[in-house]
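The same chain A turns up in both complexes below, where it pairs with chain B and then with chain C.
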Partner chain A sequence: MGWSLIRIYTILVYGFMFLPVAVVVLLSFNENQFGSFPMTGVSLRWFEALWNNDAVMRAFRTSIILGLLTALISTTLGVLASLALVRYAVPGKNLITTVLIAPILVPEVVLAVALLLFLNWLGIGKSFALLLAGHVIFTLPFVILVVQARLVSIRRDVEEAALSLGASPMQTFFSVTLPLLMPAVAAGGLFAFTISFDDITGTLFWKPGGVETVPTQIFSMLRNSISPEINALGTVMILLTVGLPLLGAALARWLSMKRGV
Partner chain B sequence: MSAVELNNIVKRFGAFTAVEKTSLSIPEGAFVTLLGPSGCGKTTTLRMIAGLLDPTEGEIVIGGRRVNDVPIHKRNLGLVFQNYALFPHKTVAENVAFGLRYRKVPRDEITRRVRDALELVQLPQLGDRYPKALSGGQQQRIALARAIVIEPDVLLLDEPLSALDANLREDMRVELKRIQERIGVTTVFVTHDQSEALAMSDRIVVMSNGRVEQVGAPEEVYTTPASEFVARFLGASNILEGRCLSRGPEGAVLEVPVFGTVRVPSARAPHLGGAGPAKLVVRAEKLILREAPARDALSAPATIEAVDYQGQAARYFLRAGDTALQAINMIDARPFPAGAQVHMTLRPQDCAALPG
Partner chain C sequence: MSVEARERRQPWILLSPALGAVTLLLLVPLAFIVVYSFWLRSAVGADTPGFHLDNWQRALTDPFFRYILLNTLKIAAITTVICALLGYPAAYFIARSRGNKLILLLLLMLPFWISYIIRTMSWINILGSSGALNTALMSVGVISEPIRMLYNEGTVILGLVHFLLPFMVLNIYVSLEGIDTNLEDAATSLGATRWQAFLQVTLPLSLPGLAAGGLLCFVLGAGTYITPLILGGPRDAMFANLVFEAIITQLNWPMGSALSLLLLMVLGVLVAIYNRYLGMSQLTKGLG
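And now, the complex of A and B:
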């Protein structure tokens, strides 16, 4: 009796969280101009409208380029920082770790305003590069946390074996350390991409005039009206931000299965 | 010419000295074991030869070349680790081929040499497997194949048998020695296990607290220990503290508790200078228990306090007056029971003498 109450309660909580998402996805296929139930018919017209909406497509391109660059820079920096912090005796190791992880502890608004004020003080204006830098700063902690955890589990003697067999430190990194680190690097990169892709707070502060990412585009579209196009856009966003990590996890699992791990 | 030479090397970690001024010369083709308890500096010494650690002082010479400033990947050494350290993302064949890829060896020769190496370690059929699919013993054989396929100048083994279980360890011991003799590579083996050291080595270097205690052939180190530490570390020994009464060319005469006057042959007392405090080393297996005193050997009565039955042998804990001793005897019919009064007999030529 008690357990079934808990079960019902749990279902209700999850329903409360996920039903709105389901509604958005459902309505994106609705033929009718006005988003309401019952649906009058199934159609892809809102996706088509999306495809033909220049502003949205431009925002999409910006978001994807921004996300990819963020992932690339974040994983590169994250791997380098993790290597230094885990493998070498860097002075002030704890301080550096704290500073690198801090962006996820500080509220995003604070970080956003601080970076903006700082660059203002330096006399540097808003630009795409600033937006990218901002995204890198707050995706970096995720990459570092994931990569560091993995790096600790890679035994030092495996790298020493490679060195003893004649591989230079650089060759050892690329032939042994990086391949073993790859699942963490891929996960970190996916994190960075998804976080960058649906970030809105920081982006609103940092984006230069005239540049919109998908979230800021949705935000400005919402100010005018709730168009069914937004439902379609939401569906695409959900597909990307949920589907991509799932795809990544499946890929990682397939790779490790192949190796008989 | 020696294959490896250590000249007055010292390794300090901050204020801690891991290896104190040590010199060592390892002949070409020899199997040399660094033996000692953990923390004695044996692994540190090995890692300095490998180039994984830089000596604080002194120089390391490999094949006549000073290698202090030569990084590990240019030293041409084979390294085998306690935990195998195979590359988990590469197949067995790829693991073994790894070192050859950095040596500009043609592809078909790589294939041939990998096959030969896998045959040498008696695992020719496992080339396509990943290391995770192999047992510990198999992984260690592959690690050995990977280290010797590059034809290293020196093979360095860092406790390679310690992670294996007891039966397998003895098989691998024989196997390892067979392979080493077959390819004739100069080998430095690090272990804390005295039976491995005694069974496999041409020479044993006994280390303690960062210092070399004794260097010698296994039999020499075992029968004529150079220090009390060596006597206690290898095998089970009784050490009787007494005095040297006289030291002549035929031997030394010691006065010790329990047995009284003992005449130790000269060869077994090389470190004893002359009269003065001295110690008599009596191996537990040389102390033979009998029901009656012997006529042709030293003899002393004792009481058995405890018996540790070991199957083919028994270990007895004895008391003679104030002195506690132990004896390990083969069991003839039945072991002596605890509490029995026995006579310990001992041949003086089986003893060794140390300065006190």
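And now, the complex of A and C:
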């Protein structure tokens, strides 16, 4: 009795989480000119409109380049730091960890203001460089947490075996540790990319005039009113940020099955 | 160089890029805006360096700022409570279910991957004047004209709950998952009812997760300015909106610095209290 009540409650909570998103996807296929209810038919016209919308396509390019660079830098810094924290006895480890995850302890608005004002004072105004610096700094803690959790589970003996068989530390890292760490590196990179791709809070502070990322583009389109084009853009973003990681996970699984690991 | 010396230096070489980045892009900038908040905005050209208390005096005494600050804390608190009420039973269900746990967990992680702005604006499709709800009510004949449901404090809270609920569920789930189910069984075998066993055994043991989720919801909720811009009316500004206004619209950077620091201090006190009693490790558990 009690259990089935909790079950119904949980289903309602999940419905609350997903129904609005489902409506976005549904309405993006709406034929109706105003993109609202009632739906009059199924059509891809809004996706076509997106494809022909230069501003949106530019925003996509900006977001993807920004996301890839963020992922690359953030993952590199994060993996190196995680290795140090997990593999070595570093004095003051707790303090260092706190410092490294500080960017998610500080509200993003405050981080955004501080970085904007400081770099501006140094002579770096609102620019792509400022955007990249901002995105790297607040994705870094997530990468470190993900990679560290993974690194702990890799056994030290494997590395020691390689070392005792005559491999140099460098060789050991590249041919033993890194391959084992690859899933964590990939997860960290994907995480960084998605967070960067989604960000709007900091991005609105840092972006130069005229440059838009996908979220800020949606935001400026919302100023007028909600249009079916926004729903279509939302659907594309959902496909990208949800579909790609799932595809990646499936691919990784298929590869490891093929290798028989 | 001896082997030991190299061994001792190595971790610092690995750590230096990340520590350098955090120092240069977060810690120093924070220190910088502390200084900047004492400067004065000048109408033309660069702001005037100096040590003036004007910005701080205004930030702390202006009744409008105080009203917005209190309202922000109120909205964040209501959001957190609703998240806890919605999230706890759901987390409990996931933690104790057998068959479909994996799917439920996957679905729970999904909102983290769906863009915040998409999830926020999705409510316009539901509650807007030609949205799903108004259309449905009109076609049934309950109302003849669309009612105005959007752009008020209620929809701001709704949007925040929708955004933050997964954080709450995930944190509670993680701590429930760490509780030995035998404890509850032991309590019932000793004569407690299921409900008593839950209230006196499971609930207290899961409080760290609830607190971690609550802290995240509160801090993230109180620091947002996008949700009020999309789902709130002109009078539903939150404190971060003041910061945004000062920095981006009015270009009053010294004032914006003071306001950001005020927000940081208010939320920092909460995090410090939390850290004092529960420690930071609980907070990072949900991510690992």
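Convention: the second predicted complex is superposed on the first by the 243 of 261 C-alpha atoms of A that agree within 3 Å, B and C clash if a C-alpha of one lies under 4 Å from a C-alpha of the other, contacts with A are read in each partner's own complex, and residues count from 1 in each chain.
Convention: a contact is a pair of C-beta atoms (placed from the backbone, for glycine too) under 8 Å apart; a residue touches a chain by one contact, two chains touch by 3 or more.
Just so it is clear, the structure is predicted and the values come from calculations on it, not from any experiment.
Novice: On chain A, do chain B and chain C fit together or clash when superposed?
Specialist: fit
Novice: Kindly classify A:Gln171 by the partners it touches after superposition: chain B alone (first), chain C alone (second), both, or neither?
Specialist: First partner only, chain B.
Novice: Looking at A:Gly78 after the superposition, I want to know if it touches chain B, chain C, both of them or none. Which is it: first, second, both, neither?
Specialist: In the superposed model, A:Gly78 contacts chain C only, not chain B.
Novice: Is A:Leu131 touching the first partner chain B, the second partner chain C, both, or neither of them?
Specialist: Once the two structures are laid over each other on A, A:Leu131 reaches no partner at all.
Novice: After superposing on the shared chain, does chain C or chain B touch more chain A residues?
Specialist: C
Novice: What is the contact status of A:Leu116 with respect to chain B (first) and chain C (second): first, second, both, or neither?
Specialist: So A:Leu116 only meets chain C here.
Novice: Please work out whether A:Val56 is in contact with chain B alone, chain C alone, both, or neither, and reply first, second, both or neither.
Specialist: Once the two structures are laid over each other on A, A:Val56 reaches no partner at all.
Novice: Between the C-alpha centres of chain B and chain C, what angle is opened at the C-alpha centre of chain A, expressed to the nearest 10°?
Specialist: After fitting both complexes on chain A, the angle is 100 degrees.
Novice: Quick one: classify A:Ala161 as touching chain B (first), chain C (second), both or neither.
Specialist: The first partner, chain B, only.
Novice: According to the stated criteria, A:Pro179 is in contact with first (chain B), second (chain C), both, or neither; which is it?
Specialist: So A:Pro179 only meets chain B here.
Novice: Of the partners chain B and chain C, which touch A:Val147 in the superposed model: first, second, both, neither?
Specialist: In the superposition, A:Val147 touches no partner, neither chain B nor chain C.
Novice: Look at the superposition and give the distance in whole angstrom between the closest pair of CA atoms, one from chain B and one from chain C.
Specialist: Minimum C-alpha separation, chain B to chain C: 6 Å.
Novice: Using the touch definition up top, name the residues of chain A that touch chain B in the complex.
Specialist: Checking each residue of chain A against chain B gives 155, 157-158, 160-169, 171-172, 175-176, 179-180, 259-261.
Novice: How about chain A: which of its residues touch chain C in the complex?
Specialist: Residues 2, 6-7, 9-10, 13-14, 16-21, 23-24, 27, 34, 36-38, 76-78, 80-81, 83-85, 87-88, 90, 96, 98-103, 105-111, 113-119, 121, 133-134, 136-137, 140, 142, 144-146, 148-149, 194, 197-198, 200-201, 204-205, 214-215, 218-219, 222, 226, 230-231, 234, 237-238, 241-242, 245 of chain A touch chain C in their complex.
Novice: Which of the residues in chain C come into contact with chain A in the complex?
Specialist: Of all residues in chain C, those touching chain A are 7, 10-12, 14-15, 17-19, 21-23, 25-30, 32-33, 36, 86-87, 89-90, 92-94, 104, 107, 110-111, 113-119, 121-126, 128, 130-132, 135-136, 139, 162, 165-166, 169, 194-195, 219, 222-226, 229-230, 240, 243-244, 247-248, 253, 256-257, 260-261, 263-264, 267, 271, 280, 284, 287-288.
Novice: Touching chain A in the complex: which residues of chain B?
Specialist: 50, 52, 71-79, 81, 83, 85-89, 98-99, 102-103, 129-130, 132-133, 143, 146-147, 150, 156
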